[in-house]
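Quick heads-up: structures coming right below.
There are two complexes below, and they share chain A, which is joined by chain B in the first and by chain C in the second.
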Partner chain A sequence: MIEFAIFFFFAAIAVIFALVVILHRNPVVGALSLVASFFALAVMYVLLDAPFLAALQVIVYAGAIMVLFLFVIMLLNLQHGSEPATRPVQQFLGYAGSAFFGLALVYYLVKYTVLQLPPGPFLSDARAIGVTLFEAYIFPFEMVSILLLAAIVGALLLSGRGARPEVAR
Partner chain B sequence: MTFDRVDVVLEIVKIAVVVGLLLNVVPIMVWVERRGSALIQDRLGPNRVGPFGLIQSMADALKFILKEDVIPLQAHKWLYTLAPMFGLIPALTTIAVVPWGRPFFIPTEIVYGPRVSGVCLIGAAVLAILAIALGGATAKYHRKPNYSKLNFTIGVIVAVSLFLGALALIGVMLGIKTAGAVHLPGGGRLFEPIIADLNVGILLIFALASLGVYGIVTAGWSSANKFSLFGGIRASAQMISYELSLALAAVSALMVAGSLRLTDIVGRQTGYFVLFDTVKIPAWNCFSPAMWLSMIVFIVSAFAETNRLPFDFAEAEAELVAGYHTEYSSMKFAMFFMSEYIAMTTMSALVVTLFFGGWDVPWYNEPPTVTGFLLSAISFLAKVGFLLFVFVWVRWTIPRLKYDILMKIGWKVFLPLAVANIVLVAWFIAMRWI
Partner chain C sequence: MIPTSWFLILSAILFTIGVCGFLTRKNGITMFMCVELMVNAVNLTFLAYARQFHQLHGLIFVFFVMAIAAAEAAVGLAIFISLFHHRETIDVDEANLMRW
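Up next is the complex of A and B:
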C-alpha cells in the first residue's frame, strides 16, 4: 500500500519535472528539473529492489552529467529568449514525430504488459551485475568503452590542443 | 522484513539522535574554528559570551535569525531561495548509512543499583557544575561595560536549561529507585546504531555527496552577481574532478572488505595484525601499508570536496568577495554555513569508517552490551572530532593554492595515484598479505 503511494508520488514528480524541462524557457531551471526527474527515477529503481542501479543513476546522471550541463550553460551564459525562431515545417515535423513516438510507446506498452519475469530472486546487487557484465556481456561492454574512447579522442582533436602552435602569453 | 511499533520508535530515536548531534556540531565547530584560529594566530578569539566564549555561537545563531533577509532584485527568486536547501539536505542525509557504534542487545529491564545511581548522579553533577560556571561567568561579565543584554539573556537561558537538565536526571534516578526495576519494551533485541544499513551504503554516500554541488552552483547562478557566478562555476568543476579521486581512493578499502556495506568495512577492521607474534596492531586500514597512498588521496580530496581551505575556491575571499554566497544574508547564509560544517562532519565520519576502524576501540573487544556500545560510540565521536580539528588546523595553517594547480593535481596526480593504489591493493590481496 505504502509502496503504491510512494510510486505514484515519485512518478508524478518525474513526469511533472520532465514537462518543466521541455516547457520552461530558462535553461538553468530546465537542467535542475532534469536532475529532479532523474532523482525520482532513482526512487523507481529502489522500489524495484535495485538500490545499486538507483545509486548509479544518481551518481552518473544527476551527480556528474547534469553538473557538466549546468557548467556549460553557466559558462556560455545562455539567456532565455535567444532560441532561434523555428519554421512552420520544423514545428509540424516536431509535433508529428513526437506524436508518432508517443503512440508507438503506448502501443508497445499495452502489447507487452504481460511480460513474464524469470523465476527466482531478483539479483541486482553489485556482485551479480559485475559478474553478468564481465562474463556474459564482456564484448558489448568493451565495444562501448572503445566508443567512448573514440568520442574523447575526437573531442580532443576538435578542441585543437597541440595542432596549433603555442600562443605567447 | 516486518516491523513492529518498537522498531519504528527505535528508528525515530536513532534519526533524532544523529540529526540532533549533526545540527549541534555546527555551533561547536564554529566555536572551535574561531578559538582554534585565534590559538594558531596568537590572538584571543571570542571570549565574551559564557566561559571561553563557549556560547558565542548561540548569540550568532540568534542574530542570524533576527537579521533582515535580502533577495537581490535581479536574482532568480525561486532558485535563490531553494539553493541553501539544495546544499543542506544532501549534507544532512548522507550520515544515514554510517555506523556509529557497536551493535548491542537491549537489556530487558533496568534494576536500580549503584551503577544506575552513579551514572545519573555524575551526569547531574557535570550539568550542575556547567550551569553554575556559566551562570557565574554571565553574572561577572554583566558588570563589565559594553556588555550586551542579548548575550546576558542567552547566558541565563542556557544556564537555567542546564540546571533543569541536572534536575531531570535526578528525577529519572528517583523514579527508577521508587519503581525498583523498569521493564524496557524493546528488551532482548539487537540495536544497530546505524539509520539505514544498505548493501550499497558507500555508493549512496557518493550519490548524495555529488548532489551537494547543486546548492553551490544554483546559489552562484541565481544571485545575479559575477563573483557568485565565478564561485559556482569553480565549485562545479572542482567537485566533479575530486569526486573521481575520492571514489577511487575509497575503492581500496572496499576491496579489502569485499563489500559496499559500511558495517562490513568496519567489521573487517575490528581484528588485529600481529607483528612478530608479539605486537598486536589494530587491523585498521590506516595501519596497512597498501592503504597509505589511498588514505592520503582520500583525505586531501575530502578537503577539496567540502570546499575547505586550501581548496576553497568557491568562496575565495581575496578574489571573489565571498564567492557563491556573496549576496546571501540572514538564515539563508546560515544554512550554507551549516551545510559546510555538516558536510565536513560527514566526510570525517567517512574517513574514520573507511580508514580508522570506525567505532572500533583499539586493544579492546567491545562486548555487545550497553557499556560496549557507549565505549565504541565515544571512540567513534573522538575520532571524528579529531579529524574535524584537523580540518580547522589545516585551514589556518596552509594558504590557498592556485586554481590551475588544484585542477592539475586533481587530474594528473591524485587520479593516477588512486588507480595505481587499486592495483597495489589487488596485489596485496592476491598475495594474502591483508
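Up next is the complex of A and C:
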C-alpha cells in the first residue's frame, strides 16, 4: 500500500528532525529542522483528509512563524553556540522523566484506544470549514482577531525602544 | 486507510520529544521551539480524532490553535528580544529575578 509507505516515510522524517531540534546546539539548525518537521506534519494532515489545514500548516507555521523565529535568532546573533552546558542532574532528570512520560502515553494509547476504522472519506474542504467557522464559531473567531490585535500591540511595546528603562523614564 | 491509533502514537512521540527538549535545554528560543513542537503534536491528535468521528469541530480547533500559536510566538519572541537587550543573553537561568 502506497499510503502506508508515505505514512512511515514522513513519520520518520518528522521524528528525526524533531530530535535534531532538541539535540543540536545551533538554534539556526534547530529552526530549519523544525520547518522540515512541520512539512512532514503537513503531509500527515493530507493523509488525514484535511488538505486545507495542511496548506495552513505550510503557510502559517513553516512560512510565517518559523521565519519569525529565524529573524529573531539572526537578530540576536545566537548562531555561535553561546549556550552554556546543562547541569548533568537536570539532563538526567529531563531525559528520564520525559522517557517515562512518553512510554506511559504510548502504553495507554495502545491499551485503551481500540478504534474502528472510520467509514468512508471525510469531507473537510475549505467550504465546509468556512461554513462551520462563520456559523457555530463566529464569536470565538472574533475573539481570536482581538487576541491577534492585542498580540501585535504587545509585541511592538515589548520589543520597541520604550521597553528599555533608560528611555522609558 | 491508515488506522487512527498510528497517528496518535506519532503524536505522542512528537509531544514527548518536545517535553524532553523543554526540560533539558537552556536556550530560551530552543525551548520555545519545543513548545511549538508540542502544539503541533496536539494539532495532529485533534485532526486524527476529527477524521475518526467525522466531526469538523476538531479542524476548527486546529485553526484556533494556529492563530493562538502565532500570537504566542510574536509576544514570546518580543520578550526574548527585550530580555536580550537587558541581560545580553537568552539563557533562561540568567532571568532569575522572580525565582524562589
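Just a few scattered comments:
We adopt the following convention: the second predicted complex is superposed on the first by the 118 of 169 C-alpha atoms of A that agree within 3 Å, B and C clash if a C-alpha of one lies under 4 Å from a C-alpha of the other, contacts with A are read in each partner's own complex, and residues count from 1 in each chain.
Criterion: contacts are C-beta pairs under 8 Å (C-beta built on N, C-alpha and C of every residue); 3 or more make two chains touch, one makes a residue touch a chain.
Everything quoted here is computed from the prediction, not taken from an experiment.
Of the two partner chains placed around the shared chain by superposition, chain B and chain C are both touched by A:L75.
Of the two partner chains placed by superposition, A:I138 touches none, neither chain B nor chain C.
By the touch criterion defined above, A:D125 reaches chain B but does not reach chain C. Once the two complexes are overlaid on the shared chain, A:E3 sits against chain C while remaining clear of chain B.
Put simply, more of the residues of chain A are touched by C, taking chain B and chain C as the two choices.
Contact with both chain B and chain C is seen for A:L56 once the two complexes are overlaid on the shared chain.
Of the two partner chains placed by the overlay, only chain B lies in contact with A:V67; chain C stays clear of it. Within the superposed three-chain model, A:I16 lies out of touch with both chain B and chain C [touch as defined at top].
By the touch criterion stated above, A:I146 is placed in contact with neither chain B nor chain C. On chain A, the patch touched by chain B and the patch touched by chain C overlap at residues 52, 56, 64, 68, 75.
The touching residues of chain B, when paired with chain A in their complex, are 76, 78-79, 198-200, 203-204, 206-211, 213-214, 217-218, 220-222, 229, 232-233, 236-237, 239-240, 243, 260. Chain A makes touch with chain B in their complex at residues 26, 28-29, 32, 35, 39, 42, 51-52, 55-56, 58-59, 62-64, 67-68, 70-71, 74-75, 125-126. Those residues of chain A that touch chain C in the shared complex are 3-4, 7, 11, 14-15, 18-19, 21-22, 27, 30-31, 34, 37-38, 41, 44-45, 47-50, 52-53, 56-57, 60-61, 64-65, 68-69, 72-73, 75-76, 78, 82-84, 86, 90-91, 93-95, 97-99, 101-102, 105-106, 109-110, 113-115, 117-118, 122, 124, 128-129, 132-133, 136-137, 140, 144, 147-148, 150-152, 154-159, 163-164. Of all residues in chain C, only 1-10, 12-21, 23-27, 29-30, 32-34, 36-37, 40, 43-44, 47-48, 50-54, 56-57, 59-60, 62-64, 66-75, 77-82, 84-86, 89-91, 93 touch chain A in the complex they form.
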